[in-house]
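Dumping the structure here so I can ask a few things about it.
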């Protein structure tokens, strides 16, 4: 690590996304991991909290309380994987001190007015929301490069917005209602244990949850509007399926005009021609969440159904990588001029 | 077994649905299993083909070639779980000989004109289709009681039609397009082995398949029209998820008028008030495919989303029981006057 | 239910074993379930605690505090699935009042001297231990028939003792050390949630645990001595594998004399010739825990390895049925003269 | 890739181990992948055969027939993942032409006399066996550096030999019989589909297989003798458990003298003090196969049970990495002077 490595603080290091941040940053050539912050787990070593990370350079480091002063002293940039609701108060002082921040929580993704209904709290720093850049690198790269505060997208919105935005912008789709049927694995529920997430309760179980009020709904609507200038209405229904990693989203949108599968596919392929982490599948192949596991890749495909004049747009990401930690690092790479294609994995460990 | 037991032939006894027919009929008080038919597996014993059934009364019986003459001699009723395409030629002679038949394949579920496009063959006995009764006992019980030929529904259409028909009939839903997002486990692919159904390829994998041309699409449309008199258009997208049993379907339909969750739920609850195998969930509880595993129960719930004026109707069945063998026996029970509530399981082995 | 049904209390009804007791007893022709007891869950209905059991006759019944007086008033027999350590104090008053008891916990399986080391507590009622009968029906049926207090075996000891006892008694095996390598699924850890039992932590994970001090070790030694009169030494190493149900045990024991696979198999087959729940596999077939899931069956097989002069004796049970609730009911059936073959399941829901 | 990169041919590129070789070599700084050979899959592109590898530099390359002449022209080194039985005839001409070879099959792991009984064929090139070096880098590094032909170990023998050799050499263990109880996932059965490896048949299934005659038995005996000079007898019983990756082995060996857990652990820790891929767990922690998934790491632990005077030695590897492809590359690294610690993964993607 050169003397000019970017000094990075990871907050919320004890959770699954925090663990992935540490794992992925450990292989990053331009970054020095200087601060590992946690709440309940403060005082324990990284290796105790994440036994699989004991062999990293920072495996013996102790997690520290999340205190702004120390972070400002020791870091240039912050990747925060603290739970929803913590960032709103914590991050502004860090920003004021000149740090650049990627927030993996939902605290800076929506307008202030949306928080009471969708997150259940009043936003503590609404004046900061205007400056937060929505961190989908494939769509908002220019703004991310300059941003002080990046709101890293949620796992579900990532494949949905990436899949629909180019098709909406090209006029192939009506603005809605967009039906989004999501499927996720158990790591999406976080690391805390409860009866519903035990192996015994989850094997052979498929269940919808939080219907129809999941907080990713307004995020999808806003992200699509930011990307295309068109207002859309989204109905989002997530389901828990017995996998560990992987989010697969199936979107149903009324077709406009004479779109067919070939045109939809070509539009997606063109939109992401140079994007190292987007794989647009040709007609006939189907998205498989297993093929993106452990990688920063999103698989996308679009199919037109002329019978019902509906587009079916499918996407898949690893919820902890492209849907969280990987995308956060991809944002950091943009902010600091690193080549994400060289810092983030593209090949799954398969099968 | 009394001398007046119904003599039943099970055809296709070597597959998963066939195995379930034998298991469930083995506990049936009014039935004698007199003929076990199979194609490739003919000549082997039931216990060899299904080691878990070796301890049944017919565990040592040899599977026999599917020959009409022998079946007519030895059986009063036939439950056929042969693959799609075989029944069209096989069953008419059995019907002509006076046997009553429940066909678990798709051969008698659709009008003749639908077979080339959706099943890939011309129907060999189109004149028989008019007499076939669609075997959803909760909706078509009267016709089933009198039927000589019952077309047992597919696994996906069962929860979809049961969930939507009462709501459509009550006028709470617009006629479409009805978006059906289906999730199924690996037993739905049948017993044959291929790379896509191995454990290695399926663990941690979520994949859509046969989009948008799955043959259950026209069956849902026809079943809903039979039940409600209203024509609807269905877009159906099935997904493979890593479970063994269980189909969960999530339907999205535009709301008509001022339906809310309470009214939708009450309509479903009223419609199935006396039905022993339908469980309508109150608002706040979510369907779980694991809770119906091994049973003939369908779980249903309906949620109104006022934001998008859409009804979300979720259903789950065990694809091999209520979605195949159990429902076939439920039809047989209607045809012969048995009480299905006493012959088919309602409690899952959980967890 | 006739007026002379045995009135049964189930204690610990909120756990997995308790749920299975209720499910299985619900189909029992000679039993009336009159009391459902629980600790933390007291006050909730059975259907709330076990949603999959809401449709039973007692689905709406409220779980009640475990109070001896009420139990004595309302029950003839008690099946207790309370956690280890509770029975020692709770059960003696019930016995004194004339109730007959099957205890699914470990409190009455060992001599008093074993409890401090293997269970971590001093036994509160050592004077009762002599009267407790070890409840392996295939080996100790005569004593069970007369017993007031039956100590229901642990899940691991069941296949181990059933597999080894006839071979030891016949002189085919040396007395040890007997190496027992056990594999269990996640339901074996009980219903409580902790990080180690989440789906995320358990998928693709194989782990030994509690090595070498699992409390089933002395139970295997004692059970084998009770059954054969021979003292043996057992080393038992359990492993957690990603299944929900099923215990598979692989035992390695030095061969005595000229035993070969054929003789070992014949000895087992003879020993269990009339036993409805024991399936001895012929040479060439292998035990599969999936085939006993949801049933009261134990699969056994024995293989002689002449190279190393070792017998490999494999067994499998469903840990919640033959390894807990099913075996408890099998004991109850013996105590009250019911035919267990008609009250307990022998066929798995497969696949 | 510099002009002096080692030109490597991968044979058997269409299987699981072949796919891992390509994935891992794709990130190797000193290697050029110049030849991808396959049998049935010859003519298809790598991306068609392994869709998850489509994005590698060689994703579009066509698999070619396995012809010695072309391989000799285009490669310096060969990593062969062809099935057992093919290497014996194929590799000698390559060796004669001066290529260096790592064989992942079992063809060069045993003395000629062992092949008929354990592999079912007569060895076609017994004169080559003496020159083959057994490729366990942690034990035989010096010989591997100079070798022309390396016999890459089997998945099960790797953790067994690494775990037992230092303890045997130090005199803590008696020479047997060594009981080895193995557990593996479904990828161990290879990529071919058969009913026993489907998801439906494997979920919730634990099964022993090939008892007691698995071909890794003599390999363990020979490897231990090579490493320690002591002859031992092994009884090996493998089991299939529902995971995709991961082999966990539990070895039971009579203790010699006054070994306790602390001494056994210290002996292992000393033996592998500088080894980047061996993690010896301290007393109290337990091996978890999930923590080594996708990595070249072996986790080891040793526990002494004074009650039975037995050592329990547990090990885990990813069967496709440290148990196959990763170890082959580790051997290649030794042969060509690369630092394996920089070319092979040590951190699992967890959970």
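Descriptive notes on the structure:
So that you can tell them apart, the chains are marked A, B, C and D in the order they are listed, and the count of residues begins at 1 in each.
In this text, contacts are C-beta pairs under 8 Å (C-beta built on N, C-alpha and C of every residue); 3 or more make two chains touch, one makes a residue touch a chain.
What you are looking at is a predicted structure, and each value in this text was computed from that prediction instead of being measured.
If you take chain A and chain D together, the chains in touch with both are B, C.
Chain centres here are Cα averages; for chain B and chain C they lie 37 Å apart. Separating the centre of chain A from that of chain C, both taken as means of CA atoms, is a distance of 47 Å. Centres computed as Cα averages put chain A at a distance of 39 Å from chain B.
Shared interface positions of chain C, defined as residues touching 2 or more other chains, are 16, 185, 187, 200, 203-204, 242-245, 288, 293, 351.
Contact topology of the protein chains: fully connected, every pair of chains touching.
Against chain D, in their complex, chain A makes its touches with residues 16, 19, 23, 26, 50-56, 187, 203-204, 244-245, 279, 285, 288, 291, 293-294, 297, 346-351.
On the chain B side of its complex with chain D, the touching residues are 16, 185-187, 189, 191-195, 197-200, 202-204, 242-244.
Contact residues of chain A toward chain B in the complex are 176-177, 179, 181, 183, 185, 200-201, 203-209, 211-212, 233-235, 237, 239, 241-246, 248, 250, 252, 286-290, 293, 303, 305, 307-310, 312, 314, 316, 351.
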